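By letter and in written order, the chains are A, B, C and D; residue numbering begins at 1 in each of them.
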Amino acid sequence: MSTNWGRNYRISIFGESHGKALGVNIDGIPAGTKLDLDFIKEEMQRRAPGKSEFSTPRMEKDEFEILSGYINELTTGTPLCMIVRNTDQRSKDYSELAQKMRPGHADYSGLMRYKGFNDIRGSGHFSGRITASIVFAGAIAKLILKEKGIHIGAHIKSIFDTEDRGFENKDRNPEVFESLRQEFLPFLNKEIRVPLENKIRAVKDEGDSVGGVVEISVIGMPAGVGDPFFNSVESELASMMYSIPAVKGLEFGAGFAIAGMLGSEANDEMYFDEDENIKTYTNNNGGIIGGITNGEPVNFKVAIKPPASISKKQKTVNIVTKENTVLEVTGRHDPVIVPRAVVVLECATAIVMLDCLLEAEKNKGL
Amino acid sequence: MSTNWGRNYRISIFGESHGKALGVNIDGIPAGTKLDLDFIKEEMQRRAPGKSEFSTPRMEKDEFEILSGYINELTTGTPLCMIVRNTDQRSKDYSELAQKMRPGHADYSGLMRYKGFNDIRGSGHFSGRITASIVFAGAIAKLILKEKGIHIGAHIKSIFDTEDRGFENKDRNPEVFESLRQEFLPFLNKEIRVPLENKIRAVKDEGDSVGGVVEISVIGMPAGVGDPFFNSVESELASMMYSIPAVKGLEFGAGFAIAGMLGSEANDEMYFDEDENIKTYTNNNGGIIGGITNGEPVNFKVAIKPPASISKKQKTVNIVTKENTVLEVTGRHDPVIVPRAVVVLECATAIVMLDCLLEAEKNKGL
Amino acid sequence: MSTNWGRNYRISIFGESHGKALGVNIDGIPAGTKLDLDFIKEEMQRRAPGKSEFSTPRMEKDEFEILSGYINELTTGTPLCMIVRNTDQRSKDYSELAQKMRPGHADYSGLMRYKGFNDIRGSGHFSGRITASIVFAGAIAKLILKEKGIHIGAHIKSIFDTEDRGFENKDRNPEVFESLRQEFLPFLNKEIRVPLENKIRAVKDEGDSVGGVVEISVIGMPAGVGDPFFNSVESELASMMYSIPAVKGLEFGAGFAIAGMLGSEANDEMYFDEDENIKTYTNNNGGIIGGITNGEPVNFKVAIKPPASISKKQKTVNIVTKENTVLEVTGRHDPVIVPRAVVVLECATAIVMLDCLLEAEKNKGL
Amino acid sequence: MSTNWGRNYRISIFGESHGKALGVNIDGIPAGTKLDLDFIKEEMQRRAPGKSEFSTPRMEKDEFEILSGYINELTTGTPLCMIVRNTDQRSKDYSELAQKMRPGHADYSGLMRYKGFNDIRGSGHFSGRITASIVFAGAIAKLILKEKGIHIGAHIKSIFDTEDRGFENKDRNPEVFESLRQEFLPFLNKEIRVPLENKIRAVKDEGDSVGGVVEISVIGMPAGVGDPFFNSVESELASMMYSIPAVKGLEFGAGFAIAGMLGSEANDEMYFDEDENIKTYTNNNGGIIGGITNGEPVNFKVAIKPPASISKKQKTVNIVTKENTVLEVTGRHDPVIVPRAVVVLECATAIVMLDCLLEAEKNKGL
């Protein structure tokens, strides 16, 4: 079962890269929500291919159609289904790829899972293209959260060996988030962009690819949202983040670095600020303690592996002939997927935050 | 909702540190499963306090009682409920802690979540003691997995600034796993133990604490288990791992390091071994691609923060007087929780693996 | 949350009567299932309007389009989404109905639920038209069940005051089921049809409507499927049946009549037949005891209320003017919905039976 | 999976008739709820055996112990687990019953489900005794609902061939409900009690048993609770009601009788009362239309089969010798279970209503 996520803001996704369409059925949008379609289109465009020299030239416009749950520019409260038709899926010959498993791709694991019946054209249901559904559902969640004063921002913390500085408190405001959102390569330290572009170009010319880390921050979340144990905010976010293809690491607050700290360093000491709000001096816990928000920014980092599609020769198996072989995948590939992943991670975060907030409404009791 | 986990092997936990009892109701144990109670007791003892100079001297024997679902040394297939009575919960005076929030603990977030009604004695439901239920359910899962040739091993990858080497293929066998299981400080490189113990002793003497990283490996998982997107094996494991108190990071395979690799390095090239099994030369994906197992060991690392309970003075807030204040928590504390966490993480892993395997049975269709 | 049903064969529905489209996303179809599209179309046509003088003349062809999860005439195992475009939704003026609540309809309860934002054209998401999604998903389930020797049959047990005889064992075979399936008014006693048609014509001429009871039988279900308590086969069927608009009663086996029996009559005595199969002399329990199938036919009856849309004058409220008023709904209406409901109930049953069978696969353990 | 029910007020049950204990883990009780333990004990006593000449003389006191989630007479908001020790489970010799399947009992279906490993002593997990957990959880739900002005009442609509009159509006108030609650045989028409008792005595003397119908009414539910389709209030109630052993029929409002009405009779016409509340003249829909409450009393009837345990000789099978045989179960049995079922059905109703109300809180959005 790969299809449904959420307790309160529930999504059900479908689609393949080269099938007729992909989409999502969303349950739990409050009735009477005004949808800013321009904002949603912008978010969809941030993920769409063809935006840069570093993304595949496939010219999908990713135009979505809302089939239900929406009338007079307002949501009805009943399920809202959105589809995106695939228009540029010129499928090449897949006979070689049906036999030779591409390293780093889900070709072999998918074959075992689906007994060879899954659609392999353009990676089928395993394609990153399916995340368009997450972006759509998350863009709506973002709009709802914004009304509550909750904002999600993200920047690229690193690509390959180039490091951006981390989010500081001064960066955590809607203006900076919006300014980062306008960039294809959103860095806090702007100076690293040009040298990095040159580096990526070189990697691309060698038919290779690079990964990176994205840092995400959510501001405005009230304290007291989430649960200990199985529905901790961390569990919910992790369940969603690890649903996104290519994610291989996730850490909250100080993350792995906290394992090297003393308790006296790691503990976030507390104080009342001038407005009698409870704050912490540090945020090593990433805004979540005991699975529950404490009112500090929810902060986490996600590691994304390099795109598995490279044009370099690679050793692999031919599952039909049962022989070891070599594969050379032709065509143009994204040398880096991190920039397009940023909006996916942001929107995925919005889905989770909205779901947790709705749960908290329920937890208040009657 | 903090209580239930699982689609197929389902657990429902309860309890507080100083309440009458803690326990777990387990649904989905196959009927007729023989329970090796000695093994389960051993696992419970690995987590129990009082085993070392570095764990709290609270002398809980953690003796469990099975209330249902078990007769003639076999499971019935109906819900199996287990409880552990709390016997050594000499509650001290909690009047100060009801006002002063302990930094790093869930005191404040829990207060906001439960409106001040939650049990704060010994951290109540937020206590690591509640993980005894996970150990119990996971020990049963381990027994079932073992019958299918699936084994789970773990070692401490680091504590504070002391690093163990990582798992290598030679380490991934039931014998090494069993030998690690016998140790309170399970390292692959045995030479680091004594100097580390001295270091922890020093930290303890200063009233401080340290965290660490645990590396877990699952061998014997067949390929084809799991799903893309929302029920990826990574999502399921992450949802469970981030349910465990003090976990702040999780990475699969190469994890965050994969973000610094080239695609040609990160992709796990494939080959047929002499027995016609499909293998990969590397395992940067940690045995999971596209959310689905590929037959390689499932490998991941978990970062655990230092115990929040330290005796050093800390700045915090008094929520009654609304003043900034200083807290000094007396009493003896675990200077490190990582060793006791190892069995919790292993057992949590077993629960997830069993759940995913049962799901795969269903996915085979009728 | 009105959208998702199922643990193993999971459906997520959407759509409104006069929106762009309705449809369903199905998760859990085994990979490699061959779909007999002609059969599915036939089932869709059985539900479609315009088939008889007694059903609305709206000329929807209910042509479905499969968007995903299906390639080369086989399912892929990944989510299969189907949509039906609404083509004949000539929306009349809804300004009166926005104010005057139609008795028997969900106008008022829906208004309260969705704060007035739900689509009211043609009853919107409350329309019986949405059951086309259930028919589609159920038709696929029927095909899968048929391969396992499991067949679902139904007849109209009563309409208004006309009673058909009940299913007898001689009727419970694929041939009779198929022959009933071919009829718009499927009765076991064929002689009641013509007089009943005259009666319905008279009701229709008076601008009124009639309800009825449908009896459903499932043969071929193995013993041992289902669970005691919360996932009893009865609970699962009931949850689904009461999801279908206009259903107001459901009884298994002897149903309400069993409340008037002695235990010695109600208990289904058992015997070995000549083939050493365990059988019961009677089937007052409807093939389910303790929530679990016993190998006898699963038999139940469903009460369907008369269509709420009638052209007679009715007393109601005007929610805008806050006045008591009278409503007269013009246009042509179905005088009876029972015949079109038969296929919906059959298909709904198929969904549940498949879900329970998949659960039983899992319950077998590893 | 037989164990868990609920989206918001979630229960997880366990236990066998002759095991160590039965109980329930409850998740979702609002923090700070005051529990009236005397009321809960009363409800438990209403279900307990030994209260009348018509219930088994097993002298279980059904004393419950709360293990968690409760301190200082208030709920903590974290899981509340309750157990009842079995004290009077003098298990007789079950060797005959292990071979001879009791007609009407889940012996055979349970054997097939659990492969013969389930506990058969006193019917094990299939025992009606397990409903004590439902009563406990439902008694708490009743207390919470009462605070919101929501009350649940029930009376016995029929036993065998003796009929009580149905609920009328004058009966639907907390006082009548409370007065019915005090009676072992709660009838609206008090005159039928004595003749019925004589009839039951006669049935008992013949070693036989009788069933009946219970009518339940919920007053005070606001309009707008529930959802169309898969989480209709009817679906939720039905899922729960059919979880209770011996339930074979369920109808809402006019129920099966509505199938014989004209639309003009069945439709509940509407009006504003003097306080500008929207009301209906009739309540054939049982307070639920389109799956959603309309503010009228939620009204439904439940058919309960005669206790399967009778002392008359019955034909059955011996599954070991594979022979047809005759079974005569000795010992004293309940000739009627309906009176003890009343409180179970009331409490089950309370669980569902609370769950739906909490869902409605969430549906309101942020």
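In the analysis below, a contact is a pair of C-beta atoms (placed from the backbone, for glycine too) under 8 Å apart; a residue touches a chain by one contact, two chains touch by 3 or more.
A quick note: this is a predicted structure, and the numbers were derived from the prediction, not measured.
Engineer: I want to compare two interfaces, A-C and A-D. Which one has more contacting C-beta pairs?
Structural biologist: Result of the comparison of A-C and A-D: A-C.
Engineer: Determine the centre-to-centre distance between subunit C and subunit D, using the mean Cα coordinates as centres, and give it in whole Å.
Structural biologist: 26
Engineer: Quick one: subunit A and subunit C, Cα centre-to-centre, how many Å?
Structural biologist: 39
Engineer: Distance from the CA centroid of subunit A to that of subunit D, rounded to the nearest Å?
Structural biologist: Taking the mean C-alpha position of each chain, the two centres sit 46 Å apart.
Engineer: Where in subunit A do residues touch two or more of the other chains?
Structural biologist: In subunit A, the residues touching two or more other chains are 1-4, 7-8, 13, 31, 77-78, 113, 125, 228, 359, 363.
Engineer: Line, ring, star, complete or other: which one describes how these chains touch?
Structural biologist: Chain contacts: complete, every pair touches.
Engineer: In the complex of these two chains, what residues of subunit B are touching subunit D?
Structural biologist: Checking each residue of subunit B against subunit D gives 1-4, 8, 10, 12-16, 19-23, 25, 27-28, 31-32, 65-69, 71, 74-81, 83, 113-119, 124-125.
Engineer: Any idea which subunit C residues touch subunit D in the complex?
Structural biologist: So the residues of subunit C touching subunit D come out as 1-5, 7, 13, 101, 103-106, 108-113, 125-126, 130, 158-161, 203, 208-213, 222-232, 234-243, 245, 247-256, 258-264, 266-272, 276, 278, 280-281, 284-286, 288-295, 301, 303-310, 312, 314-317, 319, 322-324, 359, 363.
Engineer: Can you name the residues of subunit B that touch subunit C in the complex?
Structural biologist: So the residues of subunit B touching subunit C come out as 7-8, 30-31, 33, 77-78, 144, 147-148, 228, 357-359, 361-366.
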